[in-house]
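Dropping the structures in below, format is structure tokens.
Next come two complexes, and both contain chain A; in the first it sits with chain B, in the second with chain C.
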Partner chain A sequence: MAAPDSGLSRRRLLGGAGAGVAVGAAAGFGVGRWTDGGTASAAPTGGLDAVDLNSSTDFYTGAHQSGIDTPQQRYCVFMTFDLTASTAQELQVLLARWSAAIAQCMAGEPVGSVAPDRAGAVAVDTGEALDLGPASLTVTVGLGPGVFDERLGLASRKPKLLADLPALPSDQLRPELSGGDLSVQACADDPQVAYHAVRDLARMGRGVVNTRWVVLGFGRASAGPGQSTPRNLMGFKDGTRNIKESADLDEFVWVEDDVDWMNGGGTYQVARKIRMDIEIWDADDVADQQRIFARFKEDGAPLTGNHEFDTPDFSATDDTGQPVIDPTSHDAHAAHEHNNGIRIFRRGYNFTDGINEVGQLDAGLMFVAYMNDPDHFIQLQTRLGRSDALNEYIAHIGSGIFAVPPAPKKGSYLAQGLF
Partner chain B sequence: MPSRLRSGVGLLAAAAVAASLAGCGSDDSSTDAAGSDSTSGGSSTEGASDSGVSQVAITMANQGGADTCTLDHDSAQAGPVTFTVTNQSATGLTEVELLQDQKILGEKESLAPGLPSVEFTVTLGGGDYQIYCPGGDPELVPFTVTGAAATEPVGDTQQALQDGATDYATYVDDQVASMVRGAQGLQAAAESGDLPAAQNAYANARIYYERIESDVDGFVLDGFPPTDNHGNLDYLIDMRASNLDPDVGWHGFHAVERDLFGRQAITGSTKQLAAELTDNVTKLSTLAKTLTYKPEDLANGAAGLLEEVQANKISGEEEEFSHIDLVDFAGNVEGAQQSFAYLKPGLGQIDGTLTDTIEQRFDDVTAMLDTYRDPNELGGYQRYTPELKKSEANQLSQTVQALQDSLSRLAEKVATA
Partner chain C sequence: MAAPDSGLSRRRLLGGAGAGVAVGAAAGFGVGRWTDGGTASAAPTGGLDAVDLNSSTDFYTGAHQSGIDTPQQRYCVFMTFDLTASTAQELQVLLARWSAAIAQCMAGEPVGSVAPDRAGAVAVDTGEALDLGPASLTVTVGLGPGVFDERLGLASRKPKLLADLPALPSDQLRPELSGGDLSVQACADDPQVAYHAVRDLARMGRGVVNTRWVVLGFGRASAGPGQSTPRNLMGFKDGTRNIKESADLDEFVWVEDDVDWMNGGGTYQVARKIRMDIEIWDADDVADQQRIFARFKEDGAPLTGNHEFDTPDFSATDDTGQPVIDPTSHDAHAAHEHNNGIRIFRRGYNFTDGINEVGQLDAGLMFVAYMNDPDHFIQLQTRLGRSDALNEYIAHIGSGIFAVPPAPKKGSYLAQGLF
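Moving on to the complex of A and B:
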């Protein structure tokens, strides 16, 4: 593998040399002369994001559904459902009931009685989150392309850009881990609170929706605004260059000119279950791992920088004339500089499914991203799927796309304008 | 707890979702009831009369942190009364019932903020009633009807349910009698040594027990303590290999199944097992005739049969050797449907919506089961092979679960009659 000379590329050997030269002016410099990155280093400080289990978010406040630009919680359950309903009204009632139940759960309240007085009664709320607090729960609901097929007569109301994702390079999708007519993303700082929400929504949905696939995520693998950058299961900081500013969210995430019921805060959600071959990864030397990500493992700085938030210099070469950042590296492929400025907002989680059939740890990244045009993901993944150096260690095994309507106002429900 | 979060969002609501339904739901204010009636009286007036029908609006709202049910009129004149229910903003409330003496006279479910108003009409005689909003603060709101007391005595529903339960005993007796004949047929085929005939007899005998097993699985023979499986008739008749008690050994249908389908042989032991099975189901038939049923027994029994489907049939554990699990599956579903059918005349008076839902979901399950019918196979259904299980179990399980969830609410409703 064509790793750059590890002696030269170690950041520890670089710090301080040639201080004061801005990154932007440093093109063509050898690796050994790299400098502090200057203004791009405004990293959020403090790796310990505080958790307050009494903290809550209001379901009805704001234009966007919570769980997108909300500070990312520690745990997440992502589940999709297949519609079995034959009428739009059944979906309508379900979305209304889900909305009310989500509002209850996000406030830390049960969705109904845990122990009804009446003889013979079954519980309305399943009870496992009783007294656990809201734990910053957010529940985000999306509608997949299947909602708008011939079954329910809603074809004319379909979001403009909602369509099944095309087959993409390197896809290894498994049908049982892909698709779905509805998605529910429940994230919280207590996994039991998140699971309770999904469980009770699934229960409420029986007869209208069947469960399709689910991923239980832990250890957020993206950073939202104001958060320190966490690590994926490959040990690297993930999400350093994620969208953080609200102006960027406006530009890249929220739709503006879609069908009426999506406007005013809607977005598109792309979910990808990405398996990581972590044993194989762990046997790769760190220099090669750093080449693949184009970042230093410990502090997340780009190979051309000193600090995590330094802007990578994709044109920099080392003393031998080789690019410091491998053009096939994950960062190089994913960079907006190489994708016509396209950016997506990632909100992923690590996951494990236990041990696979050959005894290896079955784990990876539950990639969830939000964008105002799904083609942005398609473009990025087409490029990544073709020649990302990381492809040797990962496989996209699950996939889904959903239109995420705006947050409902109090007294209304999700996607109310659809009906 | 929710109150501190919800204050101050009222102004935002004015921006409104573009196309809201039926004009309801987007207004935060609890003083502007969204009910469709046009009355404007205070809270202690009688419901306005419209062509002889009194109109009462029930409004659900979140006020000051509490979910409340508010009536625009707390009384009405005897006669038909139409209740129009609107959930403006009460996220914790999904249901409203009209009660008298704990009995449900009318109700609406699946209510949520933003949905169109719904209404139900009941003919009421003079007396005291209550509007019950589970989870509301308060849950019970008094409602008074003035005028002549009801001419129809309350209690019809209860009688209808009890009549159904009484008649259901006849159904169980029929099934048990058929089961005895089935076991005798199996025994005769085993005695003859004709393996295909015995396999066929096995498949034909199974369904009767599966239809009623939740009613008859509790018998302990005289002289045995309840913990001793030597006297547990269900153990002796229907135990599977996975739950064997080593002290008692294997008896009953599935021990015979192992011989006929697993070992593909009829031995002296097979014949002995078959004879013993006939003996035990005959004992069961005698005991089953002593059973009497209350309406809630039918409700719980139906739910129990569906638990059997989920736990043992969809998993393919029940018929490990013969793979006729779908025959048992159909038997459990048919038995549950019979219980429901006997309750239906009464249940329809208590909760027409739930009755309709359960009926629809039985239809869904039956339609799905029909796709597996195969007259050339034992018992009339495809064998539930590992391959079929792999491709079909998910769909089977989720369709049954939808039925099971609605059926699980039956006992509570029946108990209110």
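Moving on to the complex of A and C:
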């Protein structure tokens, strides 16, 4: 009955996904213990499809802002801003100007003249995205709790569930990487197109907002509807259990009974800059890495399954009576089965900031998630922050929360109903 | 005879490229002064072609290392390393291991097992590039002057022209962004593929080298043979006059009479991390920007021409007798016509480091150039550093110089002839 002790990455629970039949005699996470009799196949699966840089999305189409359930592009520039305005009208004008500019950028057009035809004229558009095409750009704008403090007189219009996140277990937040009154998430299949959009919006915002923090993400680290699952910089597929169905988006992402200007397609955005100690991670043995994620590294299958999308069997035990999926594993803690059915929609990107102060590679995950109740994130992260086995290798160093209004109709602008 | 005072970006020298016939009555750089009767066309030209992420290059093909005259990919990770080894043999073994690993990465394969089949085994490959395809990855390795100091006993094998760059006018070099005993330039059409290569080489190098500095480049800022000219983050086409012909590569890039192990395809690599004060630049008027580059912003044509690839006419004057191309302009100073015919081959990338200490966008150009005599760069930068009008907006903050050996033959490894 016992399988030969070989094929760590491929030996699976006999009988297939979630069968719960323990086999194998090996003890400890360091050794393979499951088998499905399959053969190993470690070769890459052949590369992603070619990227079409001429695709574009219409800013004014749809109830929700694009960049949320839009198939995830390959690059992201996520920036937050502090308001310096003293009146709601200044913010209103900025959001109107931003809306028009975003629509232009998403169509692959400059936000104004690159070379204005007057002596002494400064360019309206900074020019670096000329000729680059729309590259599937989306720009998603959020409003933070600070918009509704005493400064602008908008307190009565505050989204019902918008509040600064509480201190959460394991937080190592750095003030200079946290907060912000506005957020701009620009995603595109060309990073120069995404950067151009954020740069020109920032430029347009001078005198009304100051830049606060920014993360440049690449190689998306989660998958939208219809997309294959990418890998994070720990080498694991990330986002296998992400929300994929529009019915689930309806249930968990879009608000229904919020302030008027948020209804009809609004949502909440939680952003976390998560440092990964990848050099320390790389020194950990793969069996332990797999224990921590409760997944096989190569194909992303749960430790109780054979295929990536098999449902994890959190109750399965091995022949010594130990759970196959460590209850402290990341997947066990994050599973909706263990969180009253709660799910959040993730839209993350990998990032690197080069080399850190101790000479190690400085990298991680820019985690952006959308949900119709920020308390869902708070519940999940309270649990993860307390006892996730992954905490040995990661730290949440940046954080922000924003209300994301619906998409404007043509002729209107973002959050128009707020004013 | 005078043209109407309109169409700054399109009014050109009457009669076409380099004709030298001055028209128009406007004075000063702030106003358009040339016309060709053309019509304005500020629209983007329609986007780049789709990117094929399944393309690959063979590490062992060709005399020169790939990543030099290879058509420039869209992303670059440039990292330098300090040697901690005390024997030449350690370096030799590292270069042999790197060569094998580079060949694997360039073929889209992991550098070893992602999930080794032994209890307690650490992964050989970090895994994040699994499934991503080769993405046209090239990895180019260089050896800095430090390799040939007293530490390893290799002084007698030093490339003839390899020496630390002298202090140059306008240098604002930061030690933590400069130097290095080895350089690795990984370029690919997927940044995660490039990052994976550098990360796994760095990991392989532990105990022999430490990471020193790194730049992540995107949206290539110069063009190789057959490529259209991209834009830098100042919004200008960059690299219009770059070397495009193999005869010019032969004349200016590949060494001929160097130490034995460099001959047959070696070259020198100069790397400069150049900060651009893009927010200050964005506040300058376009006419002045065009004066500084001596080019029209939208289409990249020289101020004396109608089309991007028209040869600048540095002797053309306007009707007041002033030169059309400011002799302090970047193009005038960099022109081979003004530098004894010297040309270097550029392979640059844009970069951004987020927001700087005063809240401005932190961005610039990762300038990498190849040449068969580093003195060519020294001559050019001595001139540019002294009086380039662009110096008001840029600063060289990082620097390195490296000897780049030829590509190894299959069964051999990088710089094998050195040992």
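Here is the rule we go by: the second predicted complex is superposed on the first by the 370 of 419 C-alpha atoms of A that agree within 3 Å, B and C clash if a C-alpha of one lies under 4 Å from a C-alpha of the other, contacts with A are read in each partner's own complex, and residues count from 1 in each chain.
Going forward, a contact is a pair of C-beta atoms (placed from the backbone, for glycine too) under 8 Å apart; a residue touches a chain by one contact, two chains touch by 3 or more.
Just so you know, these numbers come straight off a predicted model, no measurement behind them.
When both complexes are overlaid on chain A, the residue A:Phe296 reaches chain C alone and has no touch with chain B. In the superposition on chain A, A:Ser156 makes contact with neither chain B nor chain C. In the superposed model, A:Gly127 makes contact with chain C only, not with chain B. When chain B and chain C are set side by side, the one touching more residues of chain A is C. In the superposition on chain A, A:Asn340 makes contact with neither chain B nor chain C. Contacts of A:Leu361 after superposition on the shared chain: chain C is touched, whereas chain B is not.
Applying the stated contact rule after C-alpha superposition, one finds that A:Gly411 touches chain B and leaves chain C untouched. Comparing the two interfaces of chain A, the one with chain B and the one with chain C have residues 108-110, 113, 116, 118-122, 134, 203, 210-211 in common.
Residues 6-9, 26, 28, 30-32, 40, 42-54, 74, 108-110, 113-123, 125-135, 190-192, 195, 199, 202-203, 210-216, 218-219, 228, 231-236, 278-279, 282-287, 289-290, 296-298, 350, 352-355, 359-361 of chain C touch chain A in their complex. For chain A in complex with chain B, the touching residues are 56-58, 60-61, 84, 92-93, 96-97, 99-101, 103-104, 107-113, 116, 118-122, 124, 134, 203, 206-207, 210-211, 260-261, 263-264, 406, 408-413, 416-417, 419.
For chain B in complex with chain A, the residues that touch the partner chain are 1-2, 5-6, 9-10, 12-13, 15-21, 25-28, 62, 87-92, 94, 110, 112-115, 134-135, 296, 299-300, 357, 361, 394-395, 398-399, 401-403, 405-406, 408-409, 411-412, 414-416.
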